[in-house]
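Shared chain: chain A. Partners: chain B in the first complex, chain C in the second.
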Partner chain A sequence: MIKLPSAFRTLLGWLPALAVLVFAGMALAQSFQTQIYDPTTRKWVDYTPRAAAKFYNRHGQSPEEFRRQVVPFRTAEKPGTIIIDGDRHFLYLVQPNFQAIRYGIGVGRDGFGWAGIVKIGRMQEWPTWTPPPEMIARDPESAKWANGMPGGPDNPLGARAMYLYVGNKDSIYRIHGTNQPWTIGLNISSGCIRLNNEDVSDLYSRVEVGAKVIVLMQGAALYKGV
Partner chain B sequence: MAVWRSILMSSFLAAAAANPVRADAVVIGVPAWPSAQVTAHIIHDVLNERLGVETELRERGTLTILSDIGRGDIQVHPEVWFPNLSAMATRLSEEKQVLSLSPISVAATQNICATRATVEQTGIKAVADLVKPEMAAQFDSDGDGRGEIWIGAPSWSSTEIEKIRAHSYGYDQTMTLLEMPEDVAMAAVDAAVSFGKPVVFYCYGPHHVFELHDIVKLEEPAYDPARWTIVTRAQDNDWLAKSHADTAWDASSFKIAFATSLETGMPEVASFLSKMELTPEDVTAMSYAVVVEGKPAEDVAKDWIAANADRIGEWTK
Partner chain C sequence: MNMIVSRKFTALLAAGLGLSVVAGCNTSSSNQTPSAGAVRSSGETAPTDLQLLCAAKTAEELKVTGGNVLPVSSMPSGESAYQVNLTFDGGQAVCIIDETGTVQSISPA
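And then the complex of A and B:
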């Protein structure tokens, strides 16, 4: 939603300060495809945007595995730490006693593009969304929001945004809500990490500025080879 | 006790007068990993409370601590890893004769590991199994048909060797070799365990991951120097082709190192440092208490001292 080529170039410009992040070529294609278990046919089936929209229209929510739930989670990370598994479309919030709250997420079409350790640098309720120039050039409809679309139910950032920082710098990546809740579980956005508005509000209420965020590496797209 | 301490201090001061060792404090280096931090605090407390020696803890990188011992600025390194630092340690101990190494080592390990659930799900037993495409595919987390394996952090010397091992075994053709910080890799293991997915990764021990999860070391042929030729990237651009390593790692270890001048200046301290014998279980428990349970290193050290008074008594005789 927010991560765009120009913004990414800006991020690359900060690479000396981004020592904790592990980048690789964004151009490398990702082939991962979400699958979900269909209890009716007892088979794993592709979870395509079409299937996701159909499921959401029928059930009013995402499939079971992408719904917010407490799961066992043995980790050395402290409670309050966020671990993002983009491959499997989960965000874990570490809780005491080796448990975590697991939320379903949507990620970018090309995966997340990097892995590493960042932190929540800023938090905002009903954030303003500003379409980037590339989008305005491509989609004249978005031009009316060139100076920022106020927060609200139609705002693509949804109900809450948590801004991911590297040190004291905004990384341009965010964990945010969405006005398209059916996209949870998919690789469909332009980037960032989206949760449905209820989940992002729940997460927002449980974390604080400064929380450690670990973004797991997404397979082949992040490795340049020997 | 007070009299005993006073006598000890007198003898230290008398010895120090004829020796370059500083009489005011023994400086203990504190490297940036949990077991070494706890060990540094144990040494600090024992020297203070049992031997009546003033101490100072100084946080430094492991290489800096060793070189500061060479310069006389630091007297104790709580955990020197071998073979990682063997070249520098040999130079300081044998050529310059300013560094003494404890005769007691703690055994360390470097392997390719999986969780027990992974072994049950996939049937993997040996590192060489990763060469089979159908086995490797079971570790595919991104849908490209190849498995993924963490081989270490980008800055570690072991990571280069793990690339050589993957190339020599041949699983660099079936698996994607991932480099990332340890925190990220361990969180990936945690997430895989939570979701019940297979995971395979480079592991070293003693390490708290062996306490946190049920971990299995994959089988390999025993270390064979004839099958272990390492050419580093710094030595040769063609390092990967010129290297070969398709056996297990040679035995690794770590030990306490201290300024040789302590042997004459503070022989009781040198004696204690040479006798202090930690087990791998001790070290894992220290790492676990600091990293997983979030306890400060000084508190873990105090708990350990309270629980091991007899052992410390033997070492300070």
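And then the complex of A and C:
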């Protein structure tokens, strides 16, 4: 019997997950984009990164729709469940009495969106960010953090991170904060769900390890769990 | 001369009335004008909670093991309802739900 090197065996073990991720990257058939009303032209225009940065610089915060608020929410899911609507850029935390706390989010850019049912497997304050090898390949600047960037205000993961698991396996996706708060409302990440630091800290204080997380994104391929 | 003045007055009155009607329309429609900074999604899906109600009802009706039913797409169906397409381990289903949250039908796909 051929004995494979342990690293190769590990890679083989991850092949199904990698295949799902590749599929997820290819199968985003319909990408929804946020639009913002321009009172000058009286038209809805695409909420691009440039438009988002301009709005944030002018107002010091994201559009009102993306600010934290309690909304009516008819659901059979139990309080503490997180529901992410990637198409509308909202994260809902289910509350008692058919209500939810709604937060604005940034989600995966074209080819990086996904949908599925996962759970919070781990939580961390001011998490360390370690760029994956493929990110280092795309952005050599990130190579200096190959061994991990300590938590802090410049860290891309922001103030808090909730690690999403499928069963007992890390999905590699997280709900986290950001050092780019103007990106809320955009399809901009590599598949993670980002909130501004104040919101992610609020969410972090309200959820527990084991909480169910339902991720909806029309046209995106399914992650595991369903 | 009086006749000419009268015609001009009538024309002005009619124009004024016309403008007021137009202005009235504008006033009416301005109530629907979004506020500055209003945002929306470029596509139309069912409200998030309705998608999940469909998923929960489908899990119950079709006795899905583990109860994990995931909405994968949705769209308007008629004037006040939505079609929600669902997937689960071992199958798919289509659910029609109205805006009040009443599930109208569930069909295995």
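The working rule: the second predicted complex is superposed on the first by the 176 of 226 C-alpha atoms of A that agree within 3 Å, B and C clash if a C-alpha of one lies under 4 Å from a C-alpha of the other, contacts with A are read in each partner's own complex, and residues count from 1 in each chain.
What we mean here is this: a residue touches a chain if its C-beta (ideal position, glycine included) is under 8 Å from a C-beta of that chain, and two chains touch if they have at least 3 such contacts.
Values in this document were obtained by computation on a predicted structure and should not be read as measured data.
> Which partner does A:55 contact after superposing on A: first (chain B), second (chain C), both, neither?
Second partner only, chain C.
> Now for A:77: first (chain B), second (chain C), both, or neither, which partner does it touch?
Both: A:77 reaches chain B and chain C.
> For A:42, select first, second, both or neither according to whether it touches chain B, chain C, the two together, or no partner.
A:42 contacts chain C only, not chain B.
> Answer with first, second, both or neither: which of chain B and chain C does A:115 touch in the superposed model?
It touches chain B and chain C both.
> Just checking: does A:137 make contact with chain B only, chain C only, both, or neither of them? Give me first, second, both or neither.
In the superposed model, A:137 contacts neither chain B nor chain C.
> I'd like to know which partner A:214 touches here: chain B for first, chain C for second, both or neither.
In the superposition, A:214 contacts both chain B and chain C.
> Show me the chain A residues, by the header's touch rule, that chain B contacts in one structure and chain C contacts in the other.
Touching chain B and chain C on chain A: residues 30, 32-33, 72-77, 83, 85, 87-88, 90, 92, 100, 115-117, 214, 216, 218-219, 222, 226.
> What residues of chain B sit close enough to touch chain A in their complex?
140-144, 146, 148, 154, 163, 166-167, 172, 176-181, 183-184, 186-188, 190-191, 193-195, 197, 208-209, 212-213, 240, 291-292, 294
> Within their complex, state which residues of chain C touch chain A.
By the definition above, chain C touches chain A via 33-43, 45, 48-53, 56, 68-74, 87-89, 101.
> What residues of chain A sit close enough to touch chain C in their complex?
Going through chain A, the ones touching chain C are 30, 32-37, 39, 42, 44, 46-47, 55, 59, 63-66, 72-77, 83, 85, 87-90, 92, 100, 115-117, 185, 214, 216, 218-219, 222, 225-226.
> For the complex, give me every residue of chain A touching chain B.
Interface residues on the chain A side: 20, 22, 30-33, 71-78, 83, 85, 87-88, 90, 92, 100, 102, 111, 115-117, 214-223, 226.
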